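Pasting in a structure now, in structure tokens, and then I'll have a few things to ask.
By written order: A, B, C and D. Residues from 1 in each chain.
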Amino acid sequence: MLKRFSISLEEELLAIFDEQMKARSYSNRSEAIRDLIRKTFVKEEWEADKQVMGVISLVYDHHQHKLQEKVTEVQHDYHHHIVSTTHVHMDHDNCLEVIVVKGKAREVQELSDHLTALRGVRDGNLAMSSTGKALH
Amino acid sequence: MLKRFSISLEEELLAIFDEQMKARSYSNRSEAIRDLIRKTFVKEEWEADKQVMGVISLVYDHHQHKLQEKVTEVQHDYHHHIVSTTHVHMDHDNCLEVIVVKGKAREVQELSDHLTALRGVRDGNLAMSSTGKALH
Amino acid sequence: MLKRFSISLEEELLAIFDEQMKARSYSNRSEAIRDLIRKTFVKEEWEADKQVMGVISLVYDHHQHKLQEKVTEVQHDYHHHIVSTTHVHMDHDNCLEVIVVKGKAREVQELSDHLTALRGVRDGNLAMSSTGKALH
Amino acid sequence: MLKRFSISLEEELLAIFDEQMKARSYSNRSEAIRDLIRKTFVKEEWEADKQVMGVISLVYDHHQHKLQEKVTEVQHDYHHHIVSTTHVHMDHDNCLEVIVVKGKAREVQELSDHLTALRGVRDGNLAMSSTGKALH
């Protein structure tokens, strides 16, 4: 259910906000403010080690000896945390592997650390997202 | 080709580093240092609006009227930037859509803003990765 | 001049927001939303290389040979950018020097890099703030 | 005491690193690597709620009714955490107040939240630094 309430902003700050809103393609102020609030909340879910969703991205050279095997092996060790894996062949050498993960924030971070630390992984990062359950 | 060189660290700082290394599952110092350097570099590629890879994650409620259509539509408008899309059904309401994108950093950011701004999208974020070409 | 307008939020998201607001000591919703908007704006001023204020913090060991001299020297080279310097003696070894700087974002970043790179500086960082002129 | 050890980097990655090093004014590789390690460590001290140093920067309009009084009052409530305060008059309206704080990470964060939430504060942020004790 939507709840309506009013806020007051200094004229100049409102002008800044409207400009930001437009630059980021928001169709109205409510939607832009919703996103500012949600962003803060997702950050808090992760800090409080709540049940979260995350997306691990790995860039690696598949010529690196046994790397692909190891990437797969680590994923099997954490198979309860892994939702899906997408593999993209970027060029002759480089792969991008995108792994959707869920679980407690710290466990998911640990899995991401394991994968990123493998020799031959050129970039590894973990995007913090949310199960969306607490968000509306 | 690997190049070997030596660095000197204060004893106590080295102890801290070795502990970090272990906590993050690195098998040796070289690999841990490689990652610190690469991280900084990927950040620079993005700031300099270079050719990059990115991963957009969207959490949204698929019951939201016409949202799925709009998510698809925006992706078609930017189809040159989109490498792959993975869709995960998280629960009765929520979907997670993971979109692998490539292109100039700013264009990719713009696409991510467009998707995130859609009404009903509960969380949207863009993970900065790299084509890996300049990384080794 | 204050402008009043209304926004609508999903009931559950509003509850989350009110909780965040309380945890961060805000006295009302308008003030909390103002701050979310301002934060985004200050970040944009820095990215667009506008006229900004910043605060450089340096932790260093004053026993390090000639370090204090060098810290002072770099500041003189950039004296047009420096507003004030506060020096705190933290313990037997460590000093904290807090330097308020102003100027174009990139120049201020460069100054901060110079100071941070000096041997013996144990921590250096640059907090991005604003001249406040565009904020209300 | 300095400890010397050698690491190996791919030739291309070493070239990237040397370029970064130069751009940020580092005089040698050891110093640049020290800073990468220290940065990670300071972040960990904060996350583990250790004893830290921080620098709060506030931009505010001193015409705002009773704001200066409130800023001072909050500081008195937390006087055990406050090391020093520097006040800069930026223009006719705006002040920058830079407050050096120490204590457990969470308490320091709480103090920063209190100050930032005051009506009339246009920008408030907390830079995470370190007591330097564990860093060398």
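Keep this in mind: contacts are C-beta pairs under 8 Å (C-beta built on N, C-alpha and C of every residue); 3 or more make two chains touch, one makes a residue touch a chain.
Just so we're clear, the structure is a prediction, and the values are computed from it rather than from any experiment.
Peer 1: What angle of turn lays chain C on top of chain D when you fit their CA atoms, given in steps of 5 degrees?
Peer 2: 180
Peer 1: Counting in whole Å, what is the centre-to-centre distance of chain C and chain D, each centre being its mean C-alpha position?
Peer 2: Here chain C and chain D have centroids separated by 8 Å.
Peer 1: List the centre-to-centre spacing of chain A and chain D in whole Å, with centres computed as mean CA coordinates.
Peer 2: Chain centroid spacing, chain A to chain D, equals 26 Å.
Peer 1: Between chain A and chain C, tell me the centre distance in angstrom, where each centre is the average of that chain's C-alpha atoms.
Peer 2: That gives a centre separation of 26 Å.
Peer 1: Residues touching two or more other chains, restricted to chain B: which are they?
Peer 2: 38, 135-136
Peer 1: Which chains are in touch, pair by pair?
Peer 2: The set of touching chain pairs is A-B, A-C, B-D, C-D.
Peer 1: Once bound in the complex, which stretches of chain B touch chain D?
Peer 2: Per the touch definition, chain B meets chain D at residues 1-14, 16-17, 20, 29-30, 33-34, 36-38, 40-41, 44, 134-136.
Peer 1: Which residues of chain A touch chain B once you look at their complex with the stated criterion?
Peer 2: Per the stated touch rule, the residues are 23-27, 31-32, 35, 38-39, 42, 53, 55, 57, 59-61, 83-84, 86, 88, 90-91, 93-94, 96, 98, 100, 102, 113-114, 116-117, 119, 122-133, 135-136.
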